[in-house]
Structure formats: C-alpha cells, structure tokens
Amino acid sequence: MGAKPFGHISLPPRSEKPRENGVTMVLDHCLGMHAVEDLLATAGDYIDVVKLGWGTSRLFDEGLLKEKIRAYKANGIKVCPGGTFLEVACAQGKQDEFFNCAKALGFDCVEVSNGVHPMHHDEKLELIRKACSMGFCVTSEVGKKLRKEDERIAPEERVSMAEKELAAGSWKVIIEARAGGTLGMFDFKGNVKEELAGYLIKNLETDKIIFEAPNKSQQAWLIKRLGSEANLGNIKPDDVIPLETLRVGLRGDTFAFFHLG
Amino acid sequence: MGAKPFGHISLPPRSEKPRENGVTMVLDHCLGMHAVEDLLATAGDYIDVVKLGWGTSRLFDEGLLKEKIRAYKANGIKVCPGGTFLEVACAQGKQDEFFNCAKALGFDCVEVSNGVHPMHHDEKLELIRKACSMGFCVTSEVGKKLRKEDERIAPEERVSMAEKELAAGSWKVIIEARAGGTLGMFDFKGNVKEELAGYLIKNLETDKIIFEAPNKSQQAWLIKRLGSEANLGNIKPDDVIPLETLRVGLRGDTFAFFHLG
Amino acid sequence: MGAKPFGHISLPPRSEKPRENGVTMVLDHCLGMHAVEDLLATAGDYIDVVKLGWGTSRLFDEGLLKEKIRAYKANGIKVCPGGTFLEVACAQGKQDEFFNCAKALGFDCVEVSNGVHPMHHDEKLELIRKACSMGFCVTSEVGKKLRKEDERIAPEERVSMAEKELAAGSWKVIIEARAGGTLGMFDFKGNVKEELAGYLIKNLETDKIIFEAPNKSQQAWLIKRLGSEANLGNIKPDDVIPLETLRVGLRGDTFAFFHLG
C-alpha cells in the first residue's frame, strides 16, 4: 500500500509494522485468492496476524493454502492455523506431525489453546515451548469454547495462566471470545462484562494480550479503555478498515473520545 | 480442488460428489465471477447444489448468469433458480415460459415451492411432474414464507406433503427455514423447536430431505442428530468451509461429538 | 450490464439511471477492486450513489481510492466520502482542504452531516452551500449518531431541518439510521417506530429524501409504504440485488403487495 489521501487530516499516532502494540489479528475462515488480494490491497498495512480459523486449513486445497500463506507473509503478516486444529491433532496424538506439517506449509505462527480438548495446563505449556523451539511465533489462548466451562475459570486463574504462557514463550496471549464475541469478557449478547474485563485489564500486561473482539461495540470499548494501540483479535476481513477508523477517531463511535476529549 | 494438507489428521468418512447424502445446498443471491471463482477454488468439493435465491436471476445480466451456471455445473454442482421465482411465474400464468427459459439458460435443477403464491397441493405436484418430464432435477420445498401461515401447517401435513412430492419425482424435499433460519423447525430467534424437529426427523426419510439451516447452532444441532451426512441447505457461500468443519469435528461446536464421544 | 433473462416475467415499472426516484445508495466501507468489479457487473444498474463510509477513505491507498471512484463514476454512480469524515475535518478546521482534496480525488458528491461534531445548523447550511458552489452533488443527513442525542430531536425539527437543507442546495436529505439501522425511525432492535416514521413520511417530500434502511424488514416496510421507487440508503453491497427484488415483487416479503394486492 502506498501514500494515503487527505493527508492534511491529522490522525493519532499508530505503530508501524512489524508492530508489538496496536496489533490487529484477522480471522480468515474461507477467503480465496481474489478476496486475499483485495484484503491486502485495501487493508494490508493494518493487519499483523491472520488466523486461518479452527480446522479450516485441513479442508483447503494444499496448493491454494500455500499460496495464501505466501501472500500474507509477503505483506509482513504472520499466519497461523487455528488453535482448535492443534487440539484435534492432540486428541489423535499427532501434535508432532501437526507442527512438522505446519512448518512445511509455510506457517510462521501457531496458536496453542485448550478450548475443547481436555489438557492439563502443563501440557499446554509444553506445547508452547515445543512450538517456540521449532521457530514458530506462538500465540496461546486462555478460555473455553463452551460458555458453561468458560464461566468456571476464575479471573485470578485467567491471569495466572496467561503469565505462565508468556513465561513459556508465547508472543501474545489471546483472551478467548470466539468468532461471535459472546464468551469470556463478553456475555451471550456480546455486551462487555465490566467487572471481569476491568479485572483483566488491571492485572494483565495488556501489551502482551490480544483481546478477541469481533463486534464494533467491543472494539470501541477496548479502544476507549486502552487507546489506539489495543491489541485486538478475531476481526472479520471486512472489518479491518472499520476497526482502524475506530482506532484513529474516524468513526462516530470513537469521535468524541479523540476529538472532544 | 486437489489434495488436502495435514493428511495425517484423520476425519470421519464423507461421501464424495456426486453425493446423495451429506448434501450442502448453497444460497447465492449476488455473487459475481471473482467471488464464484474464489468459492469454487476454496470450497467446490463441498458444494452439491447452488440455489440462485428467489427471483434474483431475473435481475442479472443474461450473459453473466449463463457464465455462473456454466462455472457451477463444470464443478459438478447442480444449479437452480429460487422457488419464489417460479411462484411469480405461476402468478402470471407463465410457468411454461419459465421452465423453457430456465432450460435454455442452462439450469439443470428447479425448485418447486408454494411459499407465497396460493396453490393447491395437486397443482404443485403437477409442476414437479412437469419439471421432471423436462429433464430437470427437482427440489421441492415444504413451508410458507410468512410465520403465521407456516405455523398453521400441522407436523403430519408436512410429512404427508413431503412424501407426495417425493413420489411425484422430487430428488429431495427442502424443509423451509428462509435465508434467516427463523421459520419452520426454528423459532423467530433461530432456536430449534425440539418437538417439531424431532417429529420431522423421526417421520421423514431424512436422506431424502434437505433441512434449511443457515445458522451455525442449527447446523451443529442437525449434525449431532443426523451425523456428518445430514443434508443441509441455505448455507451462505462464506459458511461452506465452516459447515464442513462442523461435519467432520474440526470446530469447537462438534469437537466433543466426534472426539470425546 | 446488458439484457436481462426471463423477459416474459413482467415487473413493475422502475426509473432508469440517472434516477431521481427509486434511488439506491450503497455503503462501501472496504471493497477492493475485485469486489467492485463484481458489484458493478452484477448490480451496477441498480446503484445510484456509493458512500465510502465515514472516514474510511483516509486509510485507503490513494491510487486505489482514485481507481474505485473512477470505476463507480464510469458506471453512472455518484461517489461521496462519509459525512463523519467531513465532521472530523471541521473539528480540525480543515473543511476547505477537505473539499479541495475530495474534488482532486474525483469525488462528485459529498455528504454534509452533524452526527457527532457539535455544529450550529446555520454552519451546516453554509457547508451545503459551499459544497454546491464547488460543483458537488450534496446529500445532507439529519440525525445524531448517539441514540440519546438522536432521540432529543423533535419530529417537527427533523422536518424543518430537512426543508432548510434542501433549500440550501442538497440534492437529497438522508434520514440517519446508521450502518446497523438502529436509530432515527428505527428502535434499537431495528423495528420501525411507526409513529415517527408515519409523521416523517407524511410531512416530508419523500422523493427528496433517502431513508437509511440497511435491514430487509425496514426495506420491505418502506417499499410497501412508498412503492418501488422509495429512495433507500446504507444498503450493503451484497444486498443491492436482494433489495431490487423487494422493489419489484420477486421476493417473499413483498410478493403479496405486488401480486396479490
């Protein structure tokens, strides 16, 4: 992407790629190459990580999958398969094959989660260390896919698990909210659980955390709490530009925060 | 589509195309050729029928419409115009012109419904027979587009109509839920009406039925009831791969069903 | 776009482009060139104005932005940046630079709104006059982005503002509902506020008004009230064809209105 228009309209400062803060992680579950090209041409500068959601990679044509990975990486974007896919591999005792195959396909990042597969936390830490030792950038995810199970995790335990995963080598820890944004810090309608969210923000090193926040109101809430440089995940491909407008006060939802503050 | 990656991760068995079971019917209401190419390259192996929703075909450029139909058929996918479009033709007394024109454009499948146009069931059966005699593969749809009217149809009547339509020549009978999934077996919020759904599943020959189920929770429910090989319809183009992950246990929502069962 | 198929199925009359009535205004917040090409090939005949939503234009590659504007205009479609973007410019005292830059990029239309930036109505009228004097087609928007603020505007005041803006030179006045359709004439769930909507329809010159109506039920309601030639805005790119089917009775939601009336 080249120069941007309307240069006289000033914007709040934003990190440049490769970013450590203000990271946007996109959830891609189906894009073909025309759509990938469109995404990179319109929003490539604003994307740091692409997650090929859950086990979708298993169902792609291998040549096409390699082409997608190559295109993302050529634009300075990390690419990882979904955490659930690694959990399926673990359930089949195939984690080594999974890592080797991911490496061979060109993935430079993997997500380690225990959202559905029953796994002791030490085993998860071991997977993180293993992936790091193979040269992967690692994101690890705290949270369960089923609301009932997720609600049983105490706030202190979430913080403690995140800290241990970072110590084991995770580049960032992801706070699970699923593709719909109705879990973890958010209730089943997608509203922010203020108490839990406030606790996590206060007790976590937020520049090491990616908050999954697929919905606009969730993104605006986090930006008003953490600023333009919040790390946000599970962003839909069509929402990358809209999210970036929220980050810099170019949309109604954060206009007052940036311009009337 | 060629070989799939991560071949060491095993998947539950799935029929190959041309499929009689485990059918996925996609609802296409607007795709241009770039999007069609992306869809075929990413998910062509997992699509059995494309429905060009309701009367959208009437508004397309004729050359483009033919090109789309050709592209789908070249990938082993049946293509039909929407049932409502045939109902509009019937309301204007133009059903013969409709069938002839559909044939000339290359459609190899038609949907026969009585969702909005008042029509005696015998007349619907006659349309099914007529379409079959012209060489079309026929899907017919049971249900009304307006909730109030739809709720008046007794469960026994739904089963009886489906049986008669199959006897008249329908390849599959579709259980109407609309593009939003808020009708028929689902309430206005999209939740499964357990009693009605259970009755239909018990009393219908489910491998001859396509259940419209546009939402993830509906798809997961049906897969857990009927298995990987449920016939599902009104799938959004971007949801074909996600649906296939549900069918084979590669997503959180059906992980336990396939891996912890 | 060329000839349409199924010509024997007759449709209610519709204006041809350039249209003064029955206008469809599309909200484009992220499309790349493949998607723009698809949109024009499938639905170009049914689009009158494209709004590049809020401040998204500021974040695009300048060359790509110019290419998009050119493509839309070459298909007889007006293109404007979003109203919020001009409000950001005003908040920075850069409205002149904004208009000059919009002109240089090729925009032939601008939207003037006061949805978030505090602005006296006389100042808004002045912006409308200024834009007209520079040769822009002007749409102006009545309504606030925050529900609490929006609800404070009396129905009479909405009508009076619209009339003054038309007198100042606006081509059409837009009734704000946001991208989600949960404001102005619609409640937070997107349902029509019958009393307010009825008042506005009765007291406004509706062929000079564009009603933002992103959801199907809102579009169907307005078409049943105002007919095929209602002016509708904030239409998603994928919904242009579906909207057009509602306008001409090719979808269940307006079938009865057109065929059983």
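Order as written gives the chain letters A, B and C; numbering starts at 1 within each chain.
Just so it is clear, a contact is a pair of C-beta atoms (placed from the backbone, for glycine too) under 8 Å apart; a residue touches a chain by one contact, two chains touch by 3 or more.
Because the structure is a prediction, the values reported are computed rather than measured.
J.: Examine where the copies chain B and chain C touch and state whether the two sides share over half of their residue numbers (same) or under half (different).
T.: Counting which numbers both chains contribute, under half are shared, so the two copies meet through different residues.
J.: Chain A and chain B are the same sequence; what rotation (0 to 180°, nearest 5) superposes their CA atoms?
T.: Superposing the C-alpha atoms of chain A on chain B needs a rotation of 120 degrees.
J.: Could you put a whole-Å number on the gap between the CA centroids of chain B and chain C?
T.: Centres of chain B and chain C (C-alpha means) sit 34 Å apart.
J.: At least two partner chains per residue is the criterion; list those residues in chain C.
T.: As it turns out, chain C has residues touching two or more other chains at 34-35.
J.: Mind listing the chain B positions that touch chain A in their complex?
T.: Where chain B meets chain A, its residues are 1-6, 8-11, 34-35, 37-39, 41-43, 46, 238-242, 244-245, 248-253, 255-256, 259-260.
J.: In their complex, what parts of chain A are in touch with chain B?
T.: 29-35, 53-65, 84-85, 87-89, 91-92, 94, 97-98, 101, 105, 115-118, 145-146, 178
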